[in-house]
Amino acid sequence: MKGVPLDWAYVAAFALLGSLLAALPFAVVWLLAPRSSYSQKRLTYESGVIPFGDAWAQFHVRYYLYGLVFLLFDIEVIFIYPWTVVLRQLGPLAFVEMLIFIVVLAVGLAYAWRKGGLEWT
Amino acid sequence: MMAEAIRVVLSVVIVFTFVAVGVALFLVLMERKVSAWVQARIGPRHVGPYGTLQTLADLLKLLQKEHILPAGADRLMFGVAPVVVAVAALMSYVVLPWGPGVIVRDLGVGVLYFAAVLSLEVVGILTAGWASNNKYALLGGLRSAAQMVSYELPLGFSILTVAAIAGTLSTVRIVEAQPYPWYTYPSVLLAGLVFLVAATAESNRIPFDLPEAESELVAGYFSEYSPLRFALFQLGEYGSLFATSALFVTLFLGGWRGPFGIPFVGPVVDGLFWFLLKTYAVVFFFMWVRWTYPRFRIDQLLNVSWKLLLPLSLANLLLAGLLVAWSG
Amino acid sequence: MAEAVAFYGLTAVALGASLVVALSRNMVHAAVSLIPVLLSVAGYYVLLGAEFVAAIQILIYAGAITVLILFVILLTEGATGVRVRPRNEQVSLGALVCLFLAALLVAVLTRTPWPQTQGALPEYNPGAVGQSFLTAYVLPFEVTSLLIVACLVGAIVVARREA
C-alpha cells in the first residue's frame, strides 16, 4: 500500500477500532450493572409528570431551511478548498474567478436573508 | 507491511489512551476545578491528591449503573448514536500534529478531513435526540443540529483563510509555513476570533449551549441516556473540544513550536510540550468563557452565525485571498 | 491483496446498508443506514486514489445531506409513527422490473469497451483539482454558482409560501 491508501488505512483503523473500543465498556456494564426493568422506570422524563402525547415537537420548515442553506454553502466551501492550495501559483486570475463565484452566492445569501429564510420564527 | 501494521495499532492505542485519560478524564476534572475557581470555591479534592482521581471514581461508579432503555425508544439508534459521536471525535485525532514528525498520519487533505469528520457528529446528535422518544431530547437534538450546522460554515471559512495563506491543506505544512511565532497576516486575527466563537458553538458550550441547557430542556438530547452512554457522549464532546483546540493551536498559534532559542530536551519532546501546553491553555480559555457568560437565545445564536459570522468570515477569506494572490 | 480485502469489505457494507435503506419500514433507520453506504463510497474513492473526492464525499454527503434528509423526514413524517409500508400489491411487478433493469445494466456494463484514461492520478489531489477548475474548466465552475443560487431561491420560495 502506497501513500494515499495507507493514509486512509489509518483512518479506517481509527474508525473501526474506535467503534470497538467505544463498545467495550458496554460489555463491562452488561456484566456489572443490575438489571431490573419495570414500567415505571422506563417512563420518559417530563419534569416529574407522566408524559402525555407522542414525542413530537413543532417541526417548523426553518430547520429544513437552515439545513439547506448550510448544504449549499458547504458546496461552495468544497470549491474553495482546492482554490486555497493553488491560489499562490495562479495569482490574481484565480482570485477574480473565485470572487465572482462567491459574490454570486453572496447574492443568494442576501436574497435568503431578505426573504426571511434565515429567521428563527 | 508488518511494520506499518504495528504502527497503525500502536498509534490507535496511544491516541485512544491519551484521549481517555489526558482528555476525557482530565478535562472533566479541569472543568470542575475551573468552574470552582471562577465561582470562588475549591471543587473536588477528596479523591486522590487534589481531587485528581475524582473522574476515575465517577467513571467506576457509572460502570455499575443500570442501563435503562426508555419505553418506546428505538433500541438500535439509541445505542448507535453515542458511538457515532465518540468515534467521530476520535477520528479527528489522525491529523493533529503533536510535534515535528509526530503525527498519526499527515493526510494530504488534512484540515478538510478534520472538518469532514467533525460534521459527522451532527448526525449522531440528531439521531440521539430522536431515538429517545422524549420531547425534550428531540427538541434538543434538532436545535443542536441546526446550531452546529449553522456554525460549521464560519468555522470552515476561518480554516480556509489560514489554508489560503499557507497554500496547503496539510496540518504539518501549515505549522511549518508559519513565521515566528505565528501568522501575522492581516486577516488571521479575525479568522482566529471567528474560529473561537464558532468552535464554542460547535461544541455546544456556553454561551451556545441552549440545546443542552440545563434549566430549559433538562439535559437536551441526552436527557434519557443512562450513565455509560452518557459517558460516551461526554467523551465525544470533550474529545472534540480538545481536538478543536489543538486545531486552533495548529492554525493560529504556531503548533508545536516554542519560543526560539530555548531548546530543552530535544526537538520532539519540546514540540510535544509546547503543543500540549498551548492546547490545554486554549481549552482553559473555552472553560473560562463557559463559566463567565450567560447563554444566548436560540434565535440570537443563529442570527449571530448567519448574519454576522458568515459574511464576516467570507469577506475575511476574500481579503486574505486578495493579499495572497497579489503578493504570491 | 489488502486492496481486495478492502474492496470486498466496503462492498459488503454498502450492499447491506443499501438493503436496509430500501427495505426498512422505519424511515429514520433508512436515513441513518444511508451513512454507511456513503462512507463506503468514500472508501471506493480512496481505493481509486481520489482522496480529495473521498473527503468531500464525507463532508457533503454524510455530514450535510444526511442531516438534511433527517430534517425532512422529521418534518414530514413526524417523530414517532415513521412506519411506512414499503410493500403494496404491486410488489411482484416491481420486482420483475427491477430484475430486468439489473440484467440490462449488467449486460451494458460488461459489454461496453470502456475507454481508459491516459496517465496516472495526480499525486496531490486538491492542487490538481484546483488547477483544472480555475483554468480549463472555469465556465462550468462559475455556472455552478448560478445553479446553487437557483436552488436556494427555489427552496426559499417554496418554503416561505407554506409558512
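Each chain gets a letter, A, B and C, in the order it is written, and its residues are counted from 1.
In this text, a contact is a pair of C-beta atoms (placed from the backbone, for glycine too) under 8 Å apart; a residue touches a chain by one contact, two chains touch by 3 or more.
It should be emphasised that the depicted structure is a prediction, and the values quoted were computed from it without experimental measurement.
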| item | value |
| --- | --- |
| Maximum centroid distance from chain C, chain identifier (CA atoms) | B |
| Central chain (distance from its CA mean to the mean of all protein CA atoms) | A |
| Computed distance of Cα centres, chain C from chain A, in Å | 16 |
| Chain centre separation (chain B, chain C; CA means) in Å | 28 |
| Chain centre separation in whole Å, for chain B relative to chain A (CA means) | 14 |
| Multi-partner residues of chain C (at least 2 other chains) | 51-52, 56, 59, 63-64, 67, 71, 74, 79-80, 124, 126 |
| Where chain B touches two or more other chains, by residue | 72, 107-109, 112-113, 133, 138, 142, 145, 149, 169 |
| In chain A, residues with contacts to at least two other chains | 1, 4, 7-9, 55-57, 59, 63, 67, 69-70, 74, 77, 81, 83-85, 90, 94, 98, 102, 109 |
| Chain B contact footprint on chain A (complex, rising order) | 1, 4, 6-11, 13-15, 17-19, 21-23, 25-26, 28-30, 32-37, 39, 41-47, 51, 55-57, 59, 62-63, 66-67, 69-70, 73-74, 77, 80-81, 83-85, 87-92, 94-95, 98-99, 102, 106, 109, 113, 118-121 |
| In the complex, chain B residues that touch chain A | 1, 4, 8-9, 11-12, 15-16, 63-73, 79, 82-83, 86-87, 90-91, 93-94, 104-109, 112-113, 132-139, 142, 145-146, 149-150, 152-153, 156-157, 160, 163-164, 167-169, 218, 223-224, 228, 231-232, 235, 298-299, 302-303, 306-307, 310-311, 314, 317-318, 321-322, 324-326, 328 |
| Residue ranges of chain C in contact with chain B within the complex | 26, 28-29, 32, 35, 51-52, 55-56, 58-59, 62-64, 66-67, 70-71, 74, 79-80, 124-126 |
| Footprint of chain C on chain B - complex, ascending | 72, 74, 76-77, 80, 107-109, 112-113, 115-117, 119-120, 122-123, 126-127, 130, 133, 138, 142, 145, 149, 169 |
| Of chain C, residues touching chain A in the complex | 2-3, 6, 43, 46-47, 49, 51-52, 54, 56, 59-60, 63-65, 67-68, 71-72, 74-75, 78-81, 123-124, 126-127, 129-131, 133-135, 138, 141-142, 144-146, 148-149, 151-153, 155-157, 159-160, 162-163 |
